[in-house]
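Look at the two complexes coming up: subunit A is in both, with subunit B in one and subunit C in the other.
== the complex of A and B ==
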């Protein structure tokens, strides 16, 4: 990544990947305070979303270090922290 | 126990559904062209591959599922839906319905593309790739969408997979394990790697026909020189005859033979073919003389066609009308046995036999080939051959309903 990451960029990418993975959410607003579980994204799909987002952000973080966040905002925060090493 | 076929779903270069299939077969419509699906590019300097590619399957899956399903799985769902509705299976107890999928390395092209895409970034391999390239994922997807709760499995018998799926489904109904069993021949999605290997092996033709792809596929013709690939899939609903009385029936499966001849690779074996046919006829309680129609395996490889004619001679099938469905739709590989059985059943219903495309100078004039024109023919007992690499020989005897 040429520019340092910020949370908004990560949040937008996560939401785009959620929409790609669950096309049925089309037309439904998704915000940073939503959790993937509450949006109906299943566990395999949640991994898909996170890996696809990491590929776009060129972040290589083991999935086991990404458990815990309760919503998209917290997931973005964690990705940002981990990406900084 | 007689087993009736009460539902059929098909996909081939002629289109999706029985109506397009039947019309295209009787017209012997030309569907061969250069293969252009991503992942089938020839090596630099080599002629393009020739064959048949399907249109996009109809959307029968929710978008969320469709994006996680391979082409083979999506096409399987399309043919299964057609067969399911045709047979009215919503009325049957789900625990009395089974599914046997005949497949052989079914998602090779998409898996090769995925391996290329993630070659230097394996960290990002999508989790769904852990299940979606397994042959069992076809049955997994099908049973997750439709209420099939008896059992499901995949069987691999190379190009006889579709036929072996039918035979396994017959056994499941006969044994009482289920009352209804669906046999599905899955699309074998060949990669460029597979196509090159088949060409190198000397079994696949088309290399000299890039400019005239419609003339490349010539089963049983003197100018044959290899099979031509054709994407396809088909599903057949097999039902206990005594339970099928209220259903429309295309025909009855009354005999099956499935034997190993001891070959490992692609070499055909007439003795094995004859033994499979005799087993099927014995089970049906018939002799070869009572067979009035033969639908060959007939791929268009010189060795395979000659060996199969030896089989017709041994069985003295000179009185029977013979055609080759591959001449029109190409070689469906693991789907071929199921698709061609569908063709047999539809021809029984129509009382007509489809032409054998490009059969201008038969390699053996002593047989009663159906050549360029369709012919009216009331089929009472048909014999259908399917063979697979690895010494697999199958024969099915089908009776008019």
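== the complex of A and C ==
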């Protein structure tokens, strides 16, 4: 990938992808401390969001390595670590 | 040596009773706003007198009945593929062998690897045929799985969440031979992807545990990985153009849709409209029966194959790509060729008609079954089955071709034809 992103940029990517995947969330505020589950994003949609974020970060790793984060912040942290190789 | 091998005959048995999944979701208070995306309609619910043996035998009987005495005597291997075994030692295939009245010169065993068991069984049988160690032999591969949720307490319902509506029951019987009129496997064309992961498991006889996100991730990793291995082995293999139809392991349709979308994006940078169109064309037929029986575990990819042959257009030979995934985990992408004859043979099994005949349980009846009082638990020594537990579910007059569990005496399961 090109310039390394920081955590805030990854959070923004995730929120954009959540909104893209679940248009029903329009108008509802989404912050880094929210979990996708609590936002009502179902398991299929959660994987869509993660795949889309991986694509944008040009991150080619098994998805199972991204399992575990409790909220968007933690997911962004993990994506950042994985992106750094 | 013919070099041909594959599925000569296939049949799906979807049980005696079913439940409307939307009704269940509403009853459980699950969010149904995007329910359509999950692509589920009904699920088979195993009645107390239905067990993995009755499912297996009821799937296989119509196939075996079509054989001549001579052909039947050439069934030299019966493999049961299941994660719903009834005994740690004795395999279900021994019961199946007896109830189908097969010859004693036969290998009997069972394969376990969650929902991958059926593909593993098929490959074992196909390789037996290809090896030509017993020219002209037939092998019977039967996947059989039922999910019995035990309503331990109110919290259990919460824990099941979406796994309750998607978990079904069903069996698929496949006769494997060197006359593969249903699906001629592309010999040597397969790909595997496996790694240890604790995504979904059955740690006890009546319990299922797991993590939906992790399982989905493992499924997606495997789908990409198994196809990569397939395309490394098969020169020129192209996900978009090599296969006229696709059949994936189907926990529920929405998961198949997600996996297809991932591959189309990753391999072909396809846009949403193209992905949707391709899904409708190449995968929708495969959901025909799966969305009526629920997840049949080991058999689900073959329930998908039967659906494709039943609902799809097969006017000329078509190549079908199959993807099997079993939690834990192991997966395989393989392919084969079906013809218009495959379709007419499959339709003779009248699978849809038999699914229509299932008794539709009310939520009250379903919950009564869930309470578990009537279920014969793993390890039970003696029991008498109450065939009138739901009187309307019991056939008024049978033809003597449907097997049910009658009783257990000193661990011996006794069955009867109705």
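The definition used in the following text is that the second predicted complex is superposed on the first by the 85 of 85 C-alpha atoms of A that agree within 3 Å, B and C clash if a C-alpha of one lies under 4 Å from a C-alpha of the other, contacts with A are read in each partner's own complex, and residues count from 1 in each chain.
The rule is simple: contacts are C-beta pairs under 8 Å (C-beta built on N, C-alpha and C of every residue); 3 or more make two chains touch, one makes a residue touch a chain.
On a predicted model such as this, the values are computed, not experimentally measured, just so you know.
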Using the superposition on chain A described above, determine whether A:23 touches subunit B (first), subunit C (second), both, or neither.
first
A:39 contacts which: subunit B (first), subunit C (second), both, neither?
neither
Should A:66 be classified as contacting the first partner (subunit B), the second (subunit C), both, or neither?
second
Touch check for A:80: first (subunit B), second (subunit C), both, or neither?
neither
Taking the superposition as given, does A:51 touch the first partner, subunit B, the second, subunit C, both, or neither?
both
After superposition on chain A, the subunit A residues reached by both subunit B and subunit C are 24, 44, 47-48, 51, 55
Subunit A contact footprint on subunit B (complex, rising order)
62-64, 67, 121, 123-128
Considering only the defined contacts, which subunit C positions touch subunit A in the complex?
31, 33-34, 37-38, 162, 195, 197, 211-214, 216-218, 220-221, 225, 254-255, 257-258, 261-262, 265
Using the touch definition from the top, list the residues of subunit A that touch subunit C in their complex.
24, 40, 42-44, 46-48, 50-51, 55, 62-64, 66-67
Contact set on subunit A toward subunit B in their complex
20-24, 44, 47-48, 51-52, 54-55, 60
